[in-house]
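The first chain written gets the first letter, and so on, giving A, B and C; residue counts start at 1 in each chain.
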Amino acid sequence: MIEAVLIVGGLGLVSALGLGLASLKFRVEVDPRVEALEGVLPGANCGACGYAGCSALAKALAEGAAEPTACTPGGAEVAGAIAGILGVEAGTTVRRIAVVHCRGGRGVALDKGVYVGVPDCRAAALVGGGPKLCSAGCLGLGTCERACPFGAIHLDGAGLPRVAPDRCTGCGACVDACPKRIIDLEPDGCRVHVRCRSTDRGKAVKAVCSEGCIGCGRCAKACPVDAIAMDRGLARIDPDACVSCGRCAAVCPTANIDDLVAGRCKALIDEPACIGCGKCARVCPVDAIAGERKAPHRVDADRCVGCGRCAPVCPAGAIRDGDPIPTSVETAA
Amino acid sequence: MSLEPRPLTLSSSPHAFAGDSTARIMWTVVAALAPATAWGIYAFGPRAAWVTALAVAGCAGFEAVFQRMRGRPVTVSDGSAVLTGLLLALNLPAASPWWLVVLGAAVAMGLGKHVFGGLGQNPFNPALVARVVLLVSFPVQMTTWSAPGSFLADGISGATPLGAAKTAVATAGVLGPAGHVDLWALALGAHGGSIGEVSAIALILGAAVLLWRRIIPWDIPAAFIGATLLVTGAVWELHPDRVLDPLAQILTGGLLLGALFMATDMVTSPLTRKGRWIFGLGCGVITAAIRLWGGYPEGVSFAILLMNACVPLIDRFTRPRKFGWVKEAAP
Amino acid sequence: MSAGRTFKRGGVHPPGEKHRTAAVAVEDAPLPERLVVPVSQHIGAPARPVVKKGDRVLAGQVLAEAVGFVSVPVHAPTSGTVRRVDVAPHPMGTPQPAIEIEADGDDAWAEPLEPIPAPEAADPSVLRRRIQEAGIVGLGGATFPTHVKLSPPPEATIDAVILNGVECEPYLTADHRLMLEAAGEILAGLQIVLHLFGLERGWVGIEENKPDAIAEMGRRAGDGGWAEVVPLEIKYPQGAEKQLIQAVLGREVPSGALPMAVGAVVQNVATAAAIHAAVVRGRPLVERVVTVTGPGVREPKNLRFRVGTPVRHLVDRCGGLTGDVAKVVLGGPMMGLAQHTLDVPAIKGTSGVLCLTRDRVRTAPAGPCLRCGRCVDACPMGLEPTGIAAAIGADLVEEADRYHALDCIECGSCAYVCPAFIPLVQSIRYAKGRVLSWRRKRGR
């Protein structure tokens, strides 16, 4: 018994000594900034920056090989902190979040057959393009959910991915994971989305999915700012041009377009407070505001789409919510 | 016009399959252990039946409990837990108290299997893990052998032949009367030991079915038994007065149970034929070494567990030769 | 023990299931009313349509022309009117561009390509061009353009041509019947291929479960010794190119290389017959033989059909389906593609239509790997399928590469034997895609 204890103890001692020596001998000099940088990075190792994890990015940052804005998930805050450590200017970051361009969940889009196989969308896509009849549609096996390092994307009851905007950091892991390429990163500001990627003809879409884009083009006609282009049988919203007025969603016959803005109101200018600077008129995408310089401006309520761009630019705080604009379609959660 | 029924099944090729399934394999092994179990119950009486039933029920129960706890589907019906339970029982003395059996079942399923992630993930044979934990923790209960039933018991003590030999050598320096073992009695199973290890004939009978069905490979038992024979035989040539003869070595101490049913466990043995040879040889040599020079009279369980630990290493260095490659480095 | 030669490692023995159609002579399937001719029926660039809606076409006329070298044209399978040039269902699962033809029933033929009655006197480059013009692809199922396989780079020396009459896929008998009924044409095709390489002597590999085909091919080849019929042990995948070369010649094609690396060219027997027809008779490839079989088909048959014929039409011709069909596969059971509908066209690569009943279709979920090693023993390429599947399951692309995922020939032997029902082939196919893109990214 005693021998055993001695042997084990001795072995432990020897290896501890060895390890200690090795760590002394092989110690590498680290740039102290790397450690500091690692401290401010989120530590999720999501890979959105293109480096193998946060410490790799920290090293690249210290060497000047990466921009302070390289960490998309960290957003402006992390970019600022990085810039602080490195003593440089932080660039600007636009917050982008993932948008799923399909609403063909169970009961909406039809299946080809009973899929038996690897429960992964990318593997399933190798079996005749996947089990959905629509060749552009979401396969619903949750590969994006598993790819997301932030737990920001989950399948709902119908097997469709839902993005939690407050958790999504725009790292793009899901975008790369989806074999159907139906997830995109879009500016957070755009809150209206076409949830379909099928360029098939309307009839073909209708045959396989009750809520797909049939390419009728009504949304494009309804858009006051021409942000919607028809690409073969599919409407595409230019997120940079879109003012999120939701008019397209209201006219879509298959209710495909998501309108995430709750409670839109027409703008109303408090005339006595207006200083007539004209800033609101310049930002209005639909030319609904007019007025003489230095004189109170007015909103043409018929034209106003309630996009809300004017209020934040008014130096006098003279713009408030007017009549509410009813939404004709259910707003998606 | 022919209308196909909808929906059709969509899956990747292949669309044809050989008949075997996990459940079929497990239940076949259970069936192959039936002769040894039956002999154990016949030889040691109803007590053995009770221990067997308790071990099987215990393992099945703990499997279900642990699977529930891990949020996994309960797959008791695949037979793997039942098999572990049966193997555990066959490795216990018939006189084991009930708590020992239940504890063994818990250890087998918990420590032996589910901490590693369940079926297929465990590096060690769960039944052996349980046996060794029990053996180390409760040496008295684990070596209280009952003699086989009186109808066989003309002069056979409850001690196992190996145990008796070890004690004799330790006290008297030579085997003396403990060296006279009746090989036929050993083969039949008329000697002391744990429930399932005593009858060589019953074990071989069951294993033959598995070999024929290609459920166990022949290379592991061949290497295991061969190595034990060789090493113990060589030493026996030198010291016939201190070492049991090699045939007796094979027929006792759970060697056949181990070599045929425990070392051949798919999950915990190497993937390739070359690896299986190395594994079997290792098991045999270690068993012989423990018996000849170690503190325990038996050694099969330790040998298998030790070699289980080496399986990842063995797998790494015995990779199959790839078609179209001349030399191959380990990944 | 069999006397036949075979490959060295791995392999499985699935039941042959060929009794249903082995003795059923090939029958011509009647022309359907509409045919859907996809422009992509081969590996390589899809052909570019040269007809438009409303055009009248004659059988054998070019519908779409080859785009580049690794591409072949597709021809009108019969005479009629082009109804649509648009995406249509395709055996690959997703709709693809195709030309839909309404048959006029006359089956009037366009002028054939100019026949070359004496190919042995013709210039090899003329023959190669002809083989491309005729739209010939590997009819064993891989559909690689034949002229490409027959045009090795100048530095390669080809000294062995092997015809593949193995048909190791269970259920299928189309090649078997062809060897019995058109041995002369097949051998004439072999002669043309031999001439292309300036060789005197070739081999025909046939599994021993087709003794009549071995006898017939041997009889037709005669005693000259120019075509040696090699009986092969019954073992899957004996007909895989690399395995066949090893079985017949004892040569091992290096990993990542083509058969030409060991001086070999393999052609399917049906391809050889098509080469003969294209060269000697000037006939483009617009038809082939398919085995419509399985327990789900009332009267299993071998049918000669025109490319683009709907699978439904072929199944109708075989007495239709029994009630309990649960899976329809184009090709054989080991490597074929499961279909979700019978409304797909049978095309150049369609060697079988296999209708499986519920009792033969596995729907049980996969369990954990038992490490039984059966997949390792079965793999003819010496791979560790379970290791590749586990690596890619854990998203370890680099490790999958180190396990040589790319060497997998997707023969299905591993998944065939796996008792845990793990879809190993699907995992490995997926792993291959990931490994390829990973390597591309790393700039290798």
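We take it that a contact is a pair of C-beta atoms (placed from the backbone, for glycine too) under 8 Å apart; a residue touches a chain by one contact, two chains touch by 3 or more.
Owing to the predicted nature of the structure, the values given are computational and were not obtained by experimental measurement.
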**Q.** Inter-chain pair with the most contacting C-beta pairs
**A.** B-C
Q: Could you find the chain whose CA centre sits the greatest distance from that of chain B?
A: A
**Q.** Rounded Å distance between chain B and chain C, as computed from the means of their C-alpha atoms
**A.** 48
Q: Using mean C-alpha positions as chain centres, tell me how far chain A is from chain B in Å, no decimals.
A: 56
Q | Centroid spacing, where centroids are CA-atom means, of chain A and chain C in whole angstrom | A | 45
Q. In chain B, what residues contact two or more other chains?
A. 7-12
Q: Enumerate the residues of chain C that touch no fewer than two other chains.
A: 337-341, 362-363, 423, 426, 429
Q. Which positions in chain A touch two or more other chains at once?
A. 112-114, 116-118, 126-128
Q. Across the complex, what residues on chain B touch chain A?
A. 6-12
Q | Parts of chain A lying in touch with chain B, wherever the complex brings them together | A | 111-118, 126-128, 131
**Q.** Residues of chain B defined as touching chain C within the complex
**A.** 1-5, 7-18, 20-22, 24-25, 75, 78, 118-121, 266-273, 319-325, 331
Q. Touching chain B in the complex: which residues of chain C?
A. 9, 12, 14, 170, 242, 252-257, 312, 315-316, 320-321, 323-329, 331, 333-342, 354, 356, 360-364, 367-373, 376-377, 379-384, 386, 399, 402-404, 407, 410, 412, 415-417, 419-421, 423, 425-426, 429
Q: Within their complex, state which residues of chain C touch chain A.
A: 87, 92-95, 337-341, 362-363, 365, 423, 426-427, 429-430, 433-434
